[in-house]
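Working notes, beginning with the structure itself.
Each chain carries a letter (A, B and C) given by its place in the written order, and its residues are counted from 1.
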């Protein structure tokens, strides 16, 4: 019961509960092919978003620890070059970068250079992570800088503790893992948003060989199908014709389900992240 | 003599942070409150003053909910008439408002003694230096810690003037709290603060509580303010058990008697050997040129030399550069100019930075930092604090418990072994901070404010342990504000003075 | 600041050089290629058998079995043949979809048209930036003040219902604010002209979670500042500390004012410091905003707008036009970063005591 008093636990529980209830409802009232599409889209979206979070953590940690090492050893040129590259990635609007990344991945897939299937997932996750990891790098560097500025860092150095141990164990694992975990929650949410948006844009605007044949279907791509668009139009229709509201749950279930899953997930991830930060006084 | 009694309890998520059945002080008299850091002195005073934010905390005063205490007539009157000088002056000034604006804000606007108070606190009757301070925004290094402290004290004295002016007859209750008011000040400014406080007291009594770790204030009271001793009380907050504390009288005689019994450390045979550390008098860092002197008048530059089995003590006004010197010796700051010999190695400002991690840190020299809260990994357990050190042999739990027994009570070490450092009191953290460096058994040990945050009993134990180390042949270099104690236990030949090379010693 | 400006200039030069080189390379290649049609030609082959649906896994498996029967001992060759047939089918589909292949070059007329689209993009961007700057602070301040207001009198049924209705309304508003732009836009398409600049600006502000995310950040700054020591000092100087709407408190008008001031109140200290910290997040907010605007233009297929034009040109593989648009977007991001850095630097300098002498 005490766990439920925590805002992040409550919202996480709410997400699981509502998603499960929605799944049961769709099982009962959504046709099988549509249900299968929605399920696959749901699993794909979350799998890629999860992998994006993992890739972001690895890239962010490597960049931050690498930069710290270069800075403390006085290797200015390499430090400047890597910082420049990261700032460049930061300057590219994420959606544009990921779009081009998707096109590149689809081209490789098409040319048969890489295998199909499961390998696409980490590739797409990497596409997204490349434009998201600078935030993780900033956080890790900020944590290292915060402790380096205080006596924490120097007190351990003069006791003979190795620098790698101070940075990785004392600063990052013991004193920053909560901050990093909180950042990963928001990275996960951002990944869901970007994946759905890119997939929607590609499905609506670009040649369909990029989407239908090459890339795993996500919730964004499903939203772009004709059926879903009509379902979403029905939501707006309900605002001016409230008596139409019950039909949304039976006749327009695919689009409503997909739209609801995207929006509700983004809201819940945000609330979980905020609640987690509040609970740990971050 | 009217005594005010309160019972206070402060808890966080069911865990008692501090609780006391009888937090009492004499009304319209001055109480000095001692006790180890982290025991709850500031929290209890803030609770009484009505300053605690209740989110996450469960606070009750005299059995009543906290919002009732804050709405109580006594609390409302106290907040109108009194002031609270907080402990860390740096964080208690708004960096985005000029100091002058902050001095004249809110209820302080009506006070007419600002120029006079600033002139006295800056010892500048014309007021030029203080006036310039008023025009700036408080930043980490400017004004200095001591100046920021004086600004907060100026606010308190302005409020006192208002109290005396507005309540000339029929005095409402007061509760002035000064939390470590002399922490960033050297003895000269500390004595100035006491003089100003007692002058204000003479204009009209008020209730004042002064929280301090500076036991030498007792000596100052007996030396310069004997006439007020019947209106002064010395109290100490001690731990009863987890979170629960009690207030007891602190015996000034006990402290003064102990101080009189101390004598300078006797030089042993090892003191005839080559110094472990020699620092040439002139050195520089961050664009400043400093010099080490052998005399209090700072006329005779002298190399700082510490031999095995000796204690050297460096004195200087606050902000002069004592800690900077220590960090230069330990290679933590790059020096503009420096020439020293450490454990037989000749080191200058041009020496490679890799020399220290390779040869010195944890092997030949160690350093205990001032603030244990910053120096220790608060998320580690007490046992984990000793992992990763370059020890000659691995320390198991039993060995750690034995080590802890040197500075902790019997049984306490075992109880604390698996506890996270953040749950220790300030005094316990400082002792752990010391032990981590002492266990390395280096030839030289630099100690920056080693008695910081300790209560009287712990001070005695730490000094006893340092004496044991000294007799074992360790060279000790001390940096401390506790001039009274270290002037007593350090031979005068081992006392050094730090100053600017051009002779400007303002901190 | 000088090093930051140098870095920005360096990245502008680097990216410009890269993209302009790519632009010349693409222009040169397309001139040599001529007006070729689709890259891929349909081929007669295994994929063209009328009764075989090569996209169906079942049919592919059957075809493979047949091939194994007719060509035993060449299983691997049979597998790659079937795979090649699938690939050819995909390319043929792509060819058929690209029947409206439009070849455009980066002519002066085209550049003028792009310039007009860019100006429209900038106008929407600037308007949304100002609106979100105001909206973020107002939302965050409102939430902060509401948290600190004293609870009202005892709960009556009316109050409980009102509170419940408030929570539902808040949930519904959050769902709208977190919706991706295309969800809101497609919902409203029958009732509103979603191609208008006004709607685009509105969508830019209320969708994609921009307001909520940055309001939460600003709120976190306010909360962090409220825990700092100078707030305690302000309290003991007897500044107003009530957050209720009455005298000595904070009213709705104070919260909604564009240039907020809370003179004589403890919150003035908190707000000043939080706003100062917030300046450093403007860069990040601007990048998020640009991403949002790009999504809006692309996803809604708004003709005559810069980002949809980029999407269209990507579809038709007119890479020179795409590069030109990319450069324009990149310069917008860089200009924003420069302005944000300059603003942050100027704000920091103001409090650096640079003119006050010791």
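Here are a few things to note about the model shown:
Everything that follows uses one rule, which is that contacts are C-beta pairs under 8 Å (C-beta built on N, C-alpha and C of every residue); 3 or more make two chains touch, one makes a residue touch a chain.
These numbers were taken from a predicted model, which means no experiment stands behind them.
Ranking A-C and B-C by contacting C-beta pairs places A-C first.
Geometrically, the chain at the heart of the complex, using CA-atom means, is A.
With centres taken as mean Cα positions, chain B sits 47 Å from chain A.
Computed centre separation for the pair chain A/chain C is 14 angstrom, with centres defined by C-alpha atoms. Taking each chain's centre as the average of its CA atoms, chain B and chain C sit 51 Å apart. Taken in their complex, chain B has these residues touching chain C: 46, 49, 51, 53, 79-80, 82-84, 86, 88, 91-97, 102, 105-108, 132, 135-137, 139, 142, 152, 155.
For chain B in complex with chain A, the touching residues are 327, 330, 332, 357, 361-363, 365-367, 369-371, 374-380, 388-390, 433, 436-437, 440. Chain contact summary for the complex, chain A toward chain C: residues 84, 87-88, 90-96, 99, 103, 110, 112, 135, 193, 196-197, 200-201, 204-209, 213, 223, 229, 232-233, 235-237, 239-240, 259, 262-264, 266-267, 270, 274, 277, 282. The touching residues of chain A, when paired with chain B in their complex, are 150-152, 154-163, 165, 169-170, 174-175. Those residues of chain C whose C-beta lies close enough to touch chain A in the complex are 7, 10-11, 14-15, 87, 90-91, 93-94, 97-98, 174-175, 178-180, 182-183, 186-191, 208-209, 212-213, 216, 220, 284, 287, 290-291, 294-295, 298-299, 301, 308, 311-312, 314-315, 326, 329-330, 333-334, 337.
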